[in-house]
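Common to both upcoming complexes is chain A, partnered first by chain B, then by chain C.
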Partner chain A sequence: MRLKIIRRKETRIVNVILLYVIGIAVSFVLGGIFLSSLGINPVVYYRDMLTIGLIGNYYPAKSIEGLLKLFVPLLITSLALSLAFKMKFWNIGGEGEFITGAIFASWVAFKLGDSMPRIVVILLMCIAAFISAGLIGFITAHLKVKFNTNETLVTLMLNYIMLYVIKYIGETKADWNFFLRTDSERPVFARFPENAVMQGITIGNFKLLYSVLASIAIAVIVYFYLKRTKQGYEIAVVGDSVNTARYAGMNVYKITVRTIFLSAALIGLAGAFAAATSGTISTDITNNVGWTGVIVAWLSRLSVPVIGVVSLLISVLQYGCQAASASYSQIDHNFADLMQGLFMFSILAAGFFSHFKIVRTGGKNDD
Partner chain B sequence: MIEVLTLFLFNIVIYSIPLLYATCGEIIVEKSGSLNLGVEGTMAVGAVFGFLAGCRADSLPVALLVSFAASALVGAIFCIFTISLQANQNVTGLTITTIGVAVYFFVGNGLGANWPVYRDCTRLVAGVSDLNIPLLSKIPVIGKAFFSHNILVYLAVIIAVLVWVYFEKTSFGLRLRAIGENPGAADSLGVNIVLYKYLHIMAGSGIMGIGGLYMGLNMGGTFEGSNCWINGYGWIAIALVIFANWSTMHAILGTFVFGFFNTLRIYNMPLATTFPKTMGWLSSVPAQVFSALPFIVTLLVLVISSIKSRKSGRSNAPTAIGVNYYREDR
Partner chain C sequence: MKKLLSLIVASVVMCAALFTGCGTAASESNAEAGGAGASDFIVGAIYINSQNDNAGYTYAHHQGIVKAMEALGLNTETNLKIRDNVPEDDEQVRTAIEQLAGQGCDIIFGISFGYINAFAEAAEEYPDIVFCHATGYLSNDRNFNNYFGRIYQARYLAGIAAGYKSLEIGNNNIGYVSAWGTEYAETCSGINAFALGARAVNPDAVVHVNEIYTWGDQELERQAAEVLVSTYGCGVIAQHCDSAQPQIVAQEQGVYGCGYNSDMASDAPDAHLTAPVWNWNVYYQLAIETAMNEASAADFFTNIGGNYYGGLNEGMVDISPLTDNNAPEAAEAIELARNLMVSGEWDVFSGTALVFSGEAGSVTVEQVSQALMDNEGNIIVDGGQGSVDDSVIQGSMNYYVDGVVAES
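Here is the complex of A and B:
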C-alpha cells in the first residue's frame, strides 16, 4: 500500500471552514504548550489576551482606541498587499512603502501644518503619502514588467533602504532637519502642529478617529473595485495567466504598473494615517505591519471581507499580548508573532488539505 | 597607522563570516529551486539553541551541532510546507522568519535571569579564541588580518569551497542543479526530487544556523531583548546570493565587500583620523549610509543584472526558482 497525493476536483466550503477551525485550534494548543513551558497557565493567559485587558479595566474606551490604532494600518496594508498578490506580484515592500508615506506625510505636516486649515493639511498629507509610496510601487512594477527584475527582492531591499532613511532623519541633528525638535539636544522627532493631527468623533469618552472610518471605506471600495469594475477583472486575468491577458489584448504593462502603484500608494496612505494619528513619526512607526500584512492577506486567501475579520483578530492578538504581558515578566509582545506564525502554518496546512487529498493506492506497482 | 589598517581588515573578516555561512546555506537552498525567505528566522533559531546548548555543555562542538540541527529542523519545516504540502514559498519563508525570531525572543526572555554567563564557559570561549596559522600569520598586516582568526572563520571558508566543489564536480551536485533548473526533466531521469530537496534544504538551513551561532558568540553572548542577534543579516544574505551570482566562491568575495561596508560604519572615524588626507571625507558620511549601502548595492546589482540578462538571455539564477513542483501538473 502506498500513499498518493491527488488534487481535489472540488472544495466544499464546509470542509474548508472545518479545516480552518482545526488549524486555529491546533495553533492555540501549540501556543499553550509554549506557555506552559514557561510556567504560565495558558487558559488564564488566553483569557487575558482575547479580552485585551477589558475585564476590570476602568477605561475600556482607551483599550478599544489602542486596538483600533493597530487595526487601521494593518487593514489598509493587508488590502493593498492583496491587490498585488492577486496579480501574483510579490510586493513584500510594505514596510518601506509605509515609511515612505509616513515621511512625506510628516514633511507636509511640518511645512504646512501651521499655515493651512486642518482638513486641507490632512488631505495634503494623505496625497503626499499616496503619491510618494505609489512611485516606489511604480518603479518596481516597471522593472518587473520591462526587465523581469525579481520584485520580491527589489521590494525587500527598498524596505531596508527606507528604514535607514527614516533612521537618518531621526538621528541627525542639523539645521535643515525640520523633522526634529529644536529645543532638544538629543535628536528627537518633533510633534506635528495641531492642525496635522487626526481628529475624530467623540462618543462619551471614546474617540472614533476619522482614519477608522476611512479605512473601512477603503475596504468597501477595494471590494467593489475587485468585484465590479473592469480594472478589477483585469487584475484577476493577469494574476491567472499573463499570456491569457496578452491574447485577450490586455495591456499587461499598464495593468501591472497601475495596480502596483495603487497597492504601494495605499500602504503609503496607511503610513500617513499612522503618523497623523500619533501626531509624530518614529523609526518603528510601521510596527512590522508590512510583514504582518503579508500574513493577514494570505491567511484571508486574498478575500476582502475575510481580510477585514482577520486583521481585526490579529490586532486583538497583538494588543492582547501587549496587555497580557504586563502581568507576565517572562513573556513579551513577541508572543503575538509566535502565535501569528503558528496560525499561518496551520492555515497553510489547511489550505493544502482543502486543495489536495491523500489517497491509498492498492499494490506496490500500480502508480 | 598600520595597526588601524590591520584592525580594519581583521574586522571586515569578522563581519563578513556570518554572511558567508548564511549565503552558502541559501545558495544550496536556491540551487534546489526553492527561494527560502526565512534565512533570518532560521539563523535566529540556530543561534539561540546552539548558544544555550554550547554554554550548558561548555563545548564548541556541541554548540555547532545543536545550531546546525536546530536550523536543519527549521529547514525541514520549510520542506514539509513547500514540498510536501505545496504551500507558497514566499509566504512559508516569511512565516519562518516571523516565527523563528519570535522563538528567539520567547526562549531568550523566558530564561530571564537564568541566562548563561558566556565568559564563565571557559572551554567554549577557548574554542573560539583566535588561532594563528603557522607562517602565514607572520606576514605583516595581512597575517594578522586574514590568518589569525577563530576556527569558525576558517570553517566558513572551507564550507564555501566544499560547496562549490560539490556543485561543480560531483554528480550529486549536478543532479541538484538539474532539479533547480528543470524539475520535470530531472524527475523523468529518475532523480528522487523530494529526497534531494529535503536533504539539501535541511543542510543549507543548518549552515545558516552556524552563521547565527557565530553572530551570537560574536556579540559577546549576552541576550539582547530589543534587537535580535541576527539583526537583518539574514536578509542581506538573500541579497548576497544574487550579488554572488549563485556561486559560493563569488560569495567569499561578495561577503567581504559587504563586510567592508559594515566595518566602515564602525571604523570610519579611526580611518578618517589616521589618514586625514585620503580618507578624511569618511567622517562626514552618516552611519546610516554605510548601513544602507549593502541594500543599495544589491538593488543596483539586481536591476543591472536583470537588464543585462534580458539582453543576453543568460543568468545563473536557477530557472525553476520559487515554483513548487507538482508531478501531475507536468
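Here is the complex of A and C:
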C-alpha cells in the first residue's frame, strides 16, 4: 500500500469548515493531555486563555489594551506583506523593515519631541518611518527587477543587518548616542519626550489608542486599494504573470517598485506605532511580527477581511497564553509557546487538507 | 475516511464533555481554597530566562523567591505568579506587569537591569503594589526600591583562596573568565575585589582577564578558559559568567578554579576551591515580609530601609564551603577577612590593605595603610582613607586595580 497526496478537485465550504473545526479540536485535545499531565484542568486553562485572563482580573481594561498592542503591529504588517505576496514577491524582511521604521521614528522623537506639538511630532515620526522603511523595500525591489536577485535572500539578510544596527545603538554608550538614558552607567534606551508618546481616547479605565483606529483605517484603505483601484489590479496581473503584464503594456518595474515600497513602508509605519505606543525602542520591539505576519497572510489567503480576523485570533492566542502562564505556576513561557505552536500547526494542517487529500494507491509490491 | 472522521469527532465531543464536567468541580474547589487560605498575599516575579532553568541567574532568583516564600508560610503554587522569558523591551515588561497586577499581585520583583524604565513607570501607575528591581538604580520613596548585594566581598574571599593556591603551586598566573570587563561596574568590581584578595596573600599574583562580551555562552566560556590555561599558563581559573564551563576546563586541564553563583564543586571535584554565591532569599524574605506587614504599599521604601545592598553581614552573599583542594592556610585567612568585613571594621576598596602571613594554624592578618591604585598607576583612594562610595562600586567603577591585566 502506498499513500499519495493529491490536490482536491473541488473544495466545498462545509468541508473546509469541518476541517478547521477538527484541526482546532485536535489541538485542544492534545493540549489538554499536556495540561492534564501537569495537573492543570484544561477547561479552566482554556477558559483563561481564550478570555485572555479577564475572568477575576483586577485590571481588565489593561488586558484589552495589552491585546490591542499585540494586534495593531500584527495587523498592519500582515496587510503590508499580503500586498507583496499578491505580486508573488516574497518579502520576508518584515522584521528589518519594522526595526528601520522604529529607529527612524525614535530619531525624530528624541530630536524633535521637546520642541514641537504632539500631533506634529507623531506625524513626523510616522513619515520618517514610512519613508525609511519604504526605501529598504525600494532597494530590494530595484535589485529584483533590474538584476533578478533573489528577494527572499535580500530581505532575509536585511533583517539581520537592521537587528545588529539596533543592537549596536542599544549597547554603545557614547556622546553621539542620544537614544540612551544619560543618567545610566549601563547602556539602556531612554524614554521618548512626552510629546512623542502615542495618545488615545479614554473611555473610563480604558484607553483606546489612536494607533488602533489608524490600523483599522489602513485595513479599509488596503482593501479598497486592492479591489477597486487600477494599481490594485496591476498588482494582481503582475502576480499572475509578469509576461502578461508586459504584453498588456504595463510597466513592471514601476509596479513592483511602487508596491514593495508601499509594503515595506507600511511595516515601517507599524514600527513607528509600536515605538510611539511603547515610548521607547528595544531590540525586541518587533515581537516577531515580521515572521508571524507571514503566517497570518498565508492563513488568510491574502484576503484583507480574513487577515483582520486571523490577526485578532493570533493576538488573543498570544496574549492569552502569556496571561495563562502568569496565573499557573506550572506553566512557563516555553510551555505557553508550545501551546501556541500546537494551535498554529493544527490550523495550518487544516488549511493544507482543505486543498489536498491523501489517497491510497494499491501498489504491486504491497506488503 | 468517513469512519475515521466520525471516530475523531466522537472522541472530541466525549473529551469536551469530560473536561467540562471536572472543570466546574475544580473551579469551585479553587474558589473555596482561595477564600479560606492561610494568606492571600500574592507575589509576582518577572524573569529574563525560564523559571524552569536548573542553573544560572534566573534559577538563583527563582530559588531565592521560593525559599523565602516557604519560610514565610506562603504557598508557592497558588501565591506566586511568574512571567518568564520576558525580554528587555519596555512594552513587553509593561504587559507582564499588567498581567501580574491583574492577577492581584501585592509585590512584583523584576530581576533584569533592562526592566528599569517599565518598573519606574509602573510604580507610579500602581501605587498599591510594591515594586522591587534587581541591579537597577532607580527608586521612589514609597513603593519602589532596587536591590543588589556586595558580591565583591565574597569575591575578595575567593581571591584569598586563589592566592594561597597560587603560592602552593608556585604559579603566579591566575585566570579570570569574565562576561564583560570595565564596561560594567558589576563585572569590573568583581575582578578588582578578587585580585585584591589574591594579592593580599600573594603580592606577585597577576590576574589575567579574558572577556567574552556576553553574559552567558557556554562555548565561549569554555574557549576563554582554555586560552587562559594554554596561552597564559594560569593555574587557577576564576569566572564571572553563567555556566560552570570554566571550572570543567580547570578540572580537565588539571588546574584549579573558583566558580560563581552556585557551588560548582560537583562540576569540578578535583579543581574547585570555592565560589562566591548569592543568597537572594535573604532579600526576598525581607521584602515580602516587609510588604506583608505594612498597612500601605507607600510605606515600603521607608520600612525596608530604602534601597538594598546587603553583604556578608546580612548573609546576602557568601562563599561556598571550601573544598579539600584548598591550600591549608586558606580557611583561617578567609575567616579573618570575613570577620573584618562583617564587623564593618574594614572593606575591600579602601586605602587600607590586608596582609596575611604565617603558616596554617597561626595565620595572622595585618592592616597596612596603602593607596588603592589602578593598573595604570593612578591613585583611586589615598593610603589610610575610607572605602570608595557604594555608588561607584555599583555604578561607575570602570578601571582595573593594580595586578589585573586585560588579555582580550
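Keep in mind that, in the parts below, the second predicted complex is superposed on the first by the 304 of 367 C-alpha atoms of A that agree within 3 Å, B and C clash if a C-alpha of one lies under 4 Å from a C-alpha of the other, contacts with A are read in each partner's own complex, and residues count from 1 in each chain.
Heads up, the rule we're going with is that a residue touches a chain if its C-beta (ideal position, glycine included) is under 8 Å from a C-beta of that chain, and two chains touch if they have at least 3 such contacts.
Quick caveat: nothing in here was measured; it's all calculated off a predicted structure.
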Answer with first, second, both or neither: which of chain B and chain C does A:N148 touch in the superposed model?
first
With both complexes overlaid on chain A, does A:R186 touch chain B (first), chain C (second), both or neither?
second
Where does A:K69 make contact in the superposed view: on chain B (first), on chain C (second), on both, or on neither?
second
A:L338 contacts which: chain B (first), chain C (second), both, neither?
first
Once the shared chain is lined up, is A:Y59 touching chain B (first), chain C (second), both, or neither of them?
second
Pick one for A:V306: touches chain B only (first), chain C only (second), both, or neither.
neither
Scan A:S329 for contacts with chain B and chain C and give back first, second, both or neither.
both
Please indicate which partner A:L156 is in contact with in the superposed arrangement: first for chain B, second for chain C, both, or neither.
first
I'd like to check the shared interface: which positions of chain A are touched by both chain B and chain C across the two complexes?
329, 332, 334
Mind pulling up the chain B residues that touch chain A in the complex?
35, 37, 77, 81, 85-88, 90-92, 94-99, 101-103, 105-106, 109-110, 112, 225, 232, 235, 238-239, 242, 286, 288-289, 291-292, 295-296, 298-299, 302-303, 306-307, 310, 322, 326, 328
Quick check on the complex: what are the chain A residues that touch chain C?
22, 25-26, 28-29, 32, 41-44, 47, 53, 57-60, 62-63, 65-66, 69, 181, 183-186, 188-189, 191, 274, 277-280, 282-285, 287, 319, 322-323, 325-327, 329, 332-334
Quick check on the complex: what are the chain C residues that touch chain A?
5, 8-9, 11-12, 15-16, 19-20, 22-23, 26-27, 30, 44, 50-52, 76-78, 80-92, 94-96, 98-104, 113-114, 116-117, 137, 184-185, 395-396
Taking the touch rule as given, give the residues of chain A at its contact with chain B in the complex, in rising order.
6-7, 34, 37-38, 90, 92, 143, 146-150, 152-154, 156-158, 160-161, 164-165, 167-168, 171-172, 291, 294-295, 298, 329-332, 334-335, 337-338, 340-342, 344-345, 348-349, 351-352, 355-356
